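Order as written gives the chain letters A, B, C and D; numbering starts at 1 within each chain.
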Amino acid sequence: MHRYLTDPFQEIEEVEGGLFKLNIGPQHPISGQGRFIVLTDGELVYDIEVDIGYSHRGIEKILEYKNYIQAVVPLERMVMLDTSNILMGFVRAVEELYGVEPPPRANYIRTIINELNRISSHLYALGLYAESAGWNPAVFIWTTVDREPILDILEMITGARWSHSFFIPGGVRADLPNGIKERILDTMDFLERRLEVYEDAWIYNETFRMRTEGVGVLPRDKAIEWGAAGPSLRASGVKYDTRLNEPYSAYPELDFKIVTHTAGDAYARGWVRFEEIKVSIDLVRQAIENIPKGPVKKALPPRPVKQEALARAETARGEINFYIYTEGRDKPYRVKISPASFRNFFVIEQMPKIQEIKLADVPPLIYSFDPWFLDADR
Amino acid sequence: MKKKGFISRVVTPFVTVLKHAAYKPVTHKYPYERLEGFPRTRGRIVLKMDECIGCGACGYICPDFAIMMKPVEGKDLTYPAIDFLKCSFCGLCVEICPRDALEMQSVVELGSSNYRDLTYYPERMTEPEDIKKLLPELKYVLTPVATKEGMKYIRRRV
Amino acid sequence: MRLKRMDPKRLSELLKDRFGERITITSLEERRLFFKVDYEIAHDVARFLKENGFDMAITMGGTDFPKRNVIEIFYGVWSSTHDFVAFMKFDISRENPRFRTFIDIWPAVHNYERETWELLGVDVEGHPRLKLLLLPDDWSFEEEGYPLRKDFDSSRYRSPWGDET
Amino acid sequence: MIDWLIEFIRVNLDPLFKIIIFPGITFIMLFTIFAVWYQRKFLARLMLRMGPVHAGRVMGWLQLIADSLKLLTKEIIFPAYSYKKLFLLSAITLPVIPAAAIALIPFAPGYAIFNVKGYTGLLFLGIMSLYPIFIVLMGWASNNKFTLIGAFRTIYLDVAGEIPIFLSVLGVFIWAGTYDLQDIVAMQSSMWFVIPQFLGFIVFFISYFAMIEKAPMDIPEAETELVFGYRTEYTGALFLDTMLGDYINILAWSLMMVTLYFGGYNGPAIFPDPLLNGAFWILFKLIILLAITFTVIISYARLRIDQAIRLGWYYLIPLALLNLIITVIIKYVVLGG
């Protein structure tokens, strides 16, 4: 026998039963550092293990040393695509602690920025999702290009394309600049036309549906039991969106409905995300038309009125919640962040237990949850 | 969900993709072309030394511990020195300054082969950054997409 | 089994009826119910919550209180029927921090309990996979300690770039 | 002067010219480089990008030369416990196979490297069917999980794509009544075979993507799950070699498609010289065909391997057989032989 076949130190790592352990990652399997260990016999997948923590920065610990305004900056580094939605949860928790309600104009500005962030994040996520189904990067580059006008608007309002650091407890840092309204409306029209192009090229593309329909079906009861978050939960038929179920900012005054899908497969998750872009475009239009006049920030009182608060907000990847415990100082005593991706990674790990998954299905399955390692690592 | 016919599910994607060949590329050749910033764009921080009262509020608020107050020869006060390696351009120092002595330029092209050069001492903080020096090959400055001209460009593209 | 929709106040009454003095309601809000229980009955309370429709665990963690010499463990559970959050807390001793896992009641807390184990040094009994999750693989609890404890020395982990300013 | 030179070369150095210049090694190499550059530029435009711009000033035409030089200067790494001889030899042999097949393609009346009459069409298919074997050897010799799975997938894909493509070519052979490629091209001077053999052409075109292993059938190298498939472990010059094999494979199959269905070198006489005229038309058709191929590459998602096999066996083979039946009926019953 050739040495190749007998050498005990050969490279191919076999575990019991002649299975392979394939590593997907840890260098940028999606965006950020993390690893999926896939147990396979060639094409059939028996187990997926998610190895997170490659970019754990200890944000929960860092926040214990920062006051509530400084905390905004490190906190945003959790998800660079979706910074203001992440911040929204924290800002809400602090406002609840101090018993402050932001002025109505600030609420509307927050809503506009949140929704623009959601659109840009969903566009990016959908581009990655298309690429995961084996697309050459055409769609990904289109979505990245079409995200650019949104980032420009955000830069005009906040001063940065992302990591805006724009929300502070008690309001926002600045008012809207002049002439922003027409630009936002123009960009929304532009995006709506581009979404039609995506529908033609991609959402209803036969090959894309072949690859994603029936992959990773997550039934409704399992989605709740395993704690799926955001579009992944809604694609399984759970009518839950923090924006409506726990209204915050200007959402209770705006008219919109939750996008749900009953199939619960990878295609449904992508489709929910795609339809949510349309809802967000509508929300931005409503908010910019109905924005009230007035101040945009309010000072916090010197002492918090409560000792603990749990605030939830809907990020692009799903619900984030902040539990803040304070002992009355200007710094929190303990901040517990439960991001959406952390929950979705657990769901991904469970998927091979209820469904037969092939190796080629693994990337679409993972990307359809739109998990973000930096989000889960904190 | 809309139902579409087999032909439009298979042939339409091909036609839609092919249409994009007629659109103009959006790439900017960066070292030769550069996007202009907006009035609010956060970038390099410039110090107005006459205005500064040396209160140290900027150093207190900085979430990245990037600002430290340093003495300057021939002056009684201490002035902020910024380590741009740590700075995250959040702009909190500019906002908190009681005398508006700090302001931000829309230049973020800071770089050096030695990380010590990125610590700007008060004397250097007062000189605004010159884009011509940072990018000697720069030929055009482009307007960003969200301006009026940019929106026209987008309309043409759709 | 169809459950009747209830609000946090109704749940607090139910809990009071069932567990009496061993449960303390700390805060009652429009969509929140914060309450504290003894560790001995925590699993019973959790099972009671699950039976009453609190099916989705949305957060779990712990807080270190060196002054009181306890570690407080908390579970936040959302209900798809009642649409509000019940927030259960219980204390465990700081010298010998251990509690039994809640995975059998809410599977979604799997990773949260792993995280609490490594970051707070709480031993979760009966957890199937107590493996390092967020911390680096070469992390040593003896030398470096548990990051979220209050006596953790975080000044050891400063920027490697030195401090020019 | 030029005429005289061409005449002189044609008369005196004919076989050598064919092998070394056109359509031999030089042409194949240059066209491969052009095809990669063309793909990058064309796909970039579809993605609203520019593609290479810097190297060579004008549209980045030197980019591929620069890339090749860079790859040539890199170290060749043999993976630990790999079967080194096979690792090296299979990669080196890979581009030779499709290049050998190109020798059978006529570029002008009576002008092919291997200028024989007879079973050239069958010979082409026979040579091309060797190609996947070397891919499997490459994947196996690398001793790596990803390459091994990539190699297995190549076998599956070969089963899915090769039978339909051979059956569709058989339709052309029956319609033309000959296996000879030169005769087939000559018969298309009045009508391209894509019209009578439309069904067969559809089958050929879809299976073509399985044979060149490009999206939507780039299953063996599936970037998202199998780093780079069977060529994951290849570096430097050997990587360049495998890429060369890949693009020569595309060239060979595209030339075959042009030859069988689009009339090969046939076209209105622009140049007086038949060789120049034939080469012009065949390249013109090839460039348009490549543009369509590249657009298809980015229009569709990659199929799963079981879906590709289902496509091949449930749809393409019955379609190809139907095409055969129709061809036989039309040729021998309707037209009476």
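The rule is short, and it goes like this: contacts are C-beta pairs under 8 Å (C-beta built on N, C-alpha and C of every residue); 3 or more make two chains touch, one makes a residue touch a chain.
Everything numeric in this text was worked out from a predicted model, so none of it was measured.
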Contact distance in steps, from chain C to chain D: 2
Most remote chain, CA-based centroid, reference being chain C: D
Rounded Å distance between chain A and chain C, as computed from the means of their C-alpha atoms: 24
Chain centre separation in whole Å, for chain D relative to chain B (CA means): 48
Chain centre separation (chain B, chain C; CA means) in Å: 42
Touching two or more other chains - residues of chain B: 13, 16-17, 20, 26
Overlap residues in chain A, where contacts from two or more other chains coincide: 138, 142, 145, 201, 205
Chain D: positions in contact with at least two other chains: 46-49, 298-300
Residue ranges of chain A in contact with chain C within the complex: 52-53, 56, 58, 60-61, 65, 224-227, 238, 240, 245-246, 306, 308, 310, 312, 319, 321, 323, 325, 333-334, 336, 338, 342-343, 345-346, 350, 377-378
Residues on chain A engaged by chain D in the complex (per definition of touch): 2-4, 7, 9-13, 20, 22, 24, 42-43, 130-138, 141-142, 145, 201, 205, 207-208, 210-211, 358-363
Contact set on chain C toward chain A in their complex: 26-27, 31-32, 34, 55-61, 63-64, 74, 76, 80, 83, 85, 87, 106-108, 110-112, 119, 132-136, 147-148, 152, 154, 157
Contacting residues of chain B [partner chain D, same complex]: 13-14, 16-18, 20-21, 23-27, 29
Contact footprint of chain B on chain D as seen in their complex: 42, 44-50, 53, 295-296, 298-300
